[in-house]
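Scrolling down, you'll hit the structures one after another.
In the two assemblies presented below, subunit A is common to both, partnered first by subunit B and then by subunit C.
Entry: the complex of A and B
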């Protein structure tokens, strides 16, 4: 570990640390533009000059380009270095258009800060300023190229870090331009990060355009709920409305960056139809009256039809506090355990995955970046967990290999091996691959796979790695696949490899829901209980079965049988619309602290960004704030589900007080993993709720791979995710909606040929619940025998009895225009 | 004159006290008598209203640029600098892309007329005027909205238009502003 002295203070840093980073550890911020800890050094801007007084380097050098080495004595305040930096900033400002008043970067602009730090105040250059035309870059990023200082950060992220090619540097020298070949939306779903990275106002946040200054925003650390990775964000709110999300550093999860779904999905929070008042039978009533009515009706049904006639449905998007309070509430009232998933297969998969995640196996998102071989099974990273795609790219950039076993036409922003296998073949392939070169015998007998040589080659490569990771999705795979993935990781570890395991789960807090879900198969699926009439009253807490239940007809028939439907939610969902009693709840941005557990079991905390209430723009028809003083927050009625449940319990005819002891104590008595919780001071990236030790000898060879299950002349329909348009919360966001691609059914050319269909055809898909019309796209890079249909907001896809159905050739017909 | 508690004062007897009081009374009466014969110098307000210098700091206006457009670009510098936080506004985008303040509010009951907002304003939009006569018994009438603040002239400066100097294409396209070169042609490699 080299030891050096910076500004008379000595520090020891790991080898390879740049001097600029070493100084930062001492709290000395050396001016910089091109250097960013997430991107590395480029030496493009010359702003970070310091003077090396002693040691292996002497004189003025760029602190971002020099590795810290023993014996270095560095001065950041040496007059020579300061003069150098003063000239640099003067040159950079020579062409600056001085439009800070109308620039959204103003107030948190690095160029403003460094101009002050460099001591530059007056423009001496008398020539004309360089100008550029701007480009339209889509709905997320605003371009104002005159402000560019040619630092290269945007290009280095866009092409280097993220691997997309449609935005970059053009022209030479002083005329250099950062943009696209022509106007058009940026293709990368990670493009929003260049807004955070650009040190000036060239690239600014379009949905937050002309909204406010950094100093006026209410800002707080927050979390992204739009997939199970749980990336860290910083939220900005003003006048009771969220306006912006930026990536926030978490060394174990997302690093510095987030995806555009996470960045712009937040606007469900200010949806104009969001429930803000308690409602009984469709009419807004006083809060106390709604509590009274709900308590009376619920207890009456429980009294006449028995406590089992009242069911509660929590969700995988609620905070752990909400999920746990719901369980405590049900227990205190003697009702049956709450359920958290409306789709039983989802629940089983989540529980199967969680049961197998153990501390030595589980890797974090950032640890994937150091893997030398990643095997992705049944997952489409860009569409299901976008930041995973960037982590995989970092692994690839470091020389690792990535193989994806998935039937979908998977795209990743780097070279990878795609094995488009049908879902039924995934397990066999996975087994064959991890069994090492010899294990391919498993397939040699029966299966005439054309992909076999590829699998064997990958298997051989796998045996030569040290740090392989298996990434296993839970969307389209068989229910046994998560367990098999864990078995195979154990097998690889027994073979001496330091193998890791990484699951993707359906929902930001699916892990929490899985931890709290009743063990085993003890409960009949909720839908059956509703259909048989065993459940007469249903309380839905921040869940919308209309969103994810695959069979809309069955759901409606089942809900019609209910005597009482109570909904607690912040979304204007169909469930809320048809509920008899509605209690509005708070989003994670408002008033309360909430915790979420991501897919690797990491417990993360989201403090409130603002106090909540109706956005100013929505209460004032005169377009300015009301001219009267109020003692309450308008539209501030929503509460946390925990508060609502406590009020309900107290209002019951035989009042029940929820146990007063601490929720976390209660949880840790229930499940020892909750005892892992430590303060964020002890573990800034968040504690992990997974068991520490692997019990010895748990490896059990998986059951023999199932034979192909698809009857001939049938296609397996896969209901899948897209980056925009299929995730529940983001689909309510007015910023995301314009970026959605129109939904398309995808099919292999071989199947299309058999059905005499081609790309662009409109096809009708006859399913059990009705017929669905959708445009067809024929895709080469997918498995034959499957139909890939996005669960898109604009598509009436909820016509199948399950997430996995077979569709006969005859049920796919072309619609003549 | 020494203070009452001043130790230097020493002790005084009652005779001295009486003498001093008498002298003081006499002095006051003489002063009144003297002023009775002089011409008054007090200006009677509101009967007499003195015209104040242009730069006197009182009621605030929002001015317009020479083209008749609202000067304010809702940059939040005035509200940021205001020591008593009496300015609030929202920023927005007009149909033509111009940045403006959909609403702009100054609480004159709180304003201390320090003039910092005017000094901070990069567009010369916000200006203090000599008009000071707007005290009201109802405090809410002191809260001025944009329509109360906006005037149809340029205030102390009739020529300045921020958009002629700033690089954004609003008044004139890229390259058409003061001291600007024509936009870089991306399709050409000629110097």
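Entry: the complex of A and C
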């Protein structure tokens, strides 16, 4: 480890650390524009010049380009270095328009800070300034090229780090232009990061344009709830409304960056139709009255039909506190155990995954970046968990290989091997790989499966690596798949590899929901209980079965049988509109701390960003603070589900007090994984709710690998995720909605040829619950025998009994215009 | 062109040659030529535009029959008595990048062309000229106007 002296202080850093990073460890921020710890060094801006007094390098050099080496003596405050930097900033400022008063970056602008700190105050250049035409870059990013200082960060992120190819640096020298070939939305779903990266106001946040200065905002660390990865963000709110989310560094989860769904999905929080008042039978009533009515009706049903006739449905997007309080509440009242998933197959997949995730196997998102081989099974990273795609790209950039086994036309921003296997074949492939890793010769049996040689070749490559990671999705796979993926990891570890396991789950807190769900097949699916009339009253807590339940007709019929539907939610969802009694709840940005468990079991805390209440813009159109004084926050009635449940329990005719002991004590008595969480605020950062020990390998004997049997003349319809348009919360965001692509049905050319269909055809799909019309896209890079349909907001897709159903050829018909 | 790309290990290697070929055909690299070249090379239009606009000798706008590349290097500047560049512009009645009225000439500055021992220098139709004086420039222009010669796209 090289040891060097910077400004008379010595420091020892790992080999390969740049001098600028070593100085940062000492708390010395050397001025910089192009260098970013997430992107690395480029040496483009010349701003980080320091003087090397002793050692292998002498004189003025760029601190971002020099590796720290033994014997270096560096001065960042040497007059020569300071003068050099002063000239650099003067050059960089030569063409800058000095429009800080009308620039959105003003106030948190690196260029402002370093102009001041660099000592450049007086303009000497009196010539004409260079000007550019700006481009339209889509709904997220605002372009203002005149402010550019050519640091290259945006291009280095866009093309280098993220791997998208439609934004870059054109021209040369002073004329250099950062933009697209022509006006148009940026194609990358990670484009928002160039806003955070831009050291000045060239690329600014469009939805947050002209809203406020940094000090006008209430800012707090927050979390992204738009997939299960749990990326860290910083939220900015003003006038009781969220305006902006930025990526926040987390060493173990997302690094520095986030995707655009996470960045712009927050606007559900200020949806104009968001429930703000308690409602009984569609009418807004006083809070206490609603509590009283709900308590009376619920206890009446529990008294007449038995406590088991009252059921609760929690969700995978609620905080762990809400999920746990709901369970405590149900137990205190003697009601049946709460469910957290409305789709039974989802619940079983999540539980199957959680049951197999143990601390030695689980890898974090950032650890994937150091893998030398990643096998992605049944997952479409860009659409299901976007930041995973960037982590995979980092692994690929470091020389690792990525192979994807998935029936969908998967796109990743780098070269990877894609074996389009249908669900069913995926499981066979995993079993074959497990057998292969155990030394079985896969090709010995002479299996007729044509893809087997490819899988065997993949298996050979897998066993030749050192740090492979198996990524397993839970969207379209069978319920046994997560277990098979874990088997493969255990078998690889037996073979001496440092193999890791990474699951994707449906929902930001699906892990918490899975932990709290009763083990095994303990409960009948909620829908059956509703249909048989066993459940007469349903309380839905921050869930919307209308969003994710695949059979709308069945859902409506089942809910029609209910005597009482109570909804607690912050979304203006169909469930809320239908409910007899509605209690508005708080989003994670408002008033209370909430914690979420991401897909690797990592417990993360989200403090509130603001106090909640009706956004000013919805009360006073001129966005002026109110001129009358109130003792309460207008629209501030929503409470946390925990508070509402406690009020309900206390209002019951036979009042029940929820146990007063600590939630975490209670949880750790229930499940030992909670034991190392003392409390929410004292939990060690990065604590994971997964067991430490690896149970002995439980391998089911691998059957002879063969493709799954499928009925002829049938296609398997998969209802899948898209980056924009299928995720519940982001679909309520007015910022995301204009970025959605129209949904399309995708099909393999071989199937399209059999059905005499081609790309662009309008197709009618006859399903159990009705007919659906959608445009067809024929995609080469997907599995034959499979139809891929996004569960898109704009599509009435809820016509099938499950997320995977068989569709006969005859039920796919071309619609003539 | 497709054959040229096919032999390359990475299509991108051939980007410059392909752009020159398109430029040889049109006289400059028009948008439709760039889009077609990008498709052949398996690059996005932006990626090819990054390369095209980096190089002085690829013209993204129409140019005259002869493009006069006046050396903008330090040594040439040292030897300028009066600016060669301005003299040329004045003589031809154009600004940088414009086409002269007879359609023959476009004047562009270029990075050092390595002819420093004959500074100030310029490059026209693949030939180097220098040290330049107003008299010599007049002569060269006259010769280019009157004498037939093969056009050199790249040398």
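In the analysis below, the second predicted complex is superposed on the first by the 773 of 817 C-alpha atoms of A that agree within 3 Å, B and C clash if a C-alpha of one lies under 4 Å from a C-alpha of the other, contacts with A are read in each partner's own complex, and residues count from 1 in each chain.
One rule holds in what follows: contacts are C-beta pairs under 8 Å (C-beta built on N, C-alpha and C of every residue); 3 or more make two chains touch, one makes a residue touch a chain.
This structure is a prediction, so every number in the text was calculated from the model and none was measured.
Visitor: So in the superposed three-chain picture, is A:146 touching just subunit B, just subunit C, both, or none of them (first/second/both/neither)?
Guide: first
Visitor: Report for A:556: first if it touches subunit B alone, second if subunit C alone, otherwise both or neither.
Guide: neither
Visitor: In the superposed arrangement, does A:452 touch subunit B (first), subunit C (second), both or neither?
Guide: Neither partner.
Visitor: Per the contact definition in the header, classify A:100: touching subunit B only (first), subunit C only (second), both, or neither.
Guide: first
Visitor: What is the contact status of A:132 with respect to subunit B (first) and subunit C (second): first, second, both, or neither?
Guide: first
Visitor: Examine A:172 and indicate which partner it touches, taking first as subunit B and second as subunit C; both and neither are also allowed.
Guide: In the superposed model, A:172 contacts both subunit B and subunit C.
Visitor: Please tell me which partner, subunit B or subunit C, touches more residues of subunit A.
Guide: The larger set of subunit A residues in touch belongs to B.
Visitor: I'd like to know which partner A:180 touches here: subunit B for first, subunit C for second, both or neither.
Guide: second
Visitor: Could you list which residues of subunit A make contact with subunit B in one structure and with subunit C in the other?
Guide: 170-172
Visitor: In the complex of these two chains, what residues of subunit A are touching subunit B?
Guide: Touch list, subunit A to subunit B: 97-102, 106-107, 128-134, 144, 146-147, 170-172, 175, 177, 209-213, 215-216, 239, 616-617, 623-625, 627.
Visitor: For the complex, which residues does subunit A have touching subunit C?
Guide: Result: residues 165-172, 180-182 of subunit A touch subunit C.
Visitor: State the interface residues of subunit C toward subunit A in the complex, per the touch definition above.
Guide: Residue list for subunit C touching subunit A: 43-47, 49-50, 53-54.
Visitor: Which residues of subunit B touch subunit A in their complex?
Guide: 73-77, 79-80, 88, 90-93, 99, 102-103, 105, 122-123, 140, 143, 145-146, 162, 165-170, 174-175, 179-184, 186, 189
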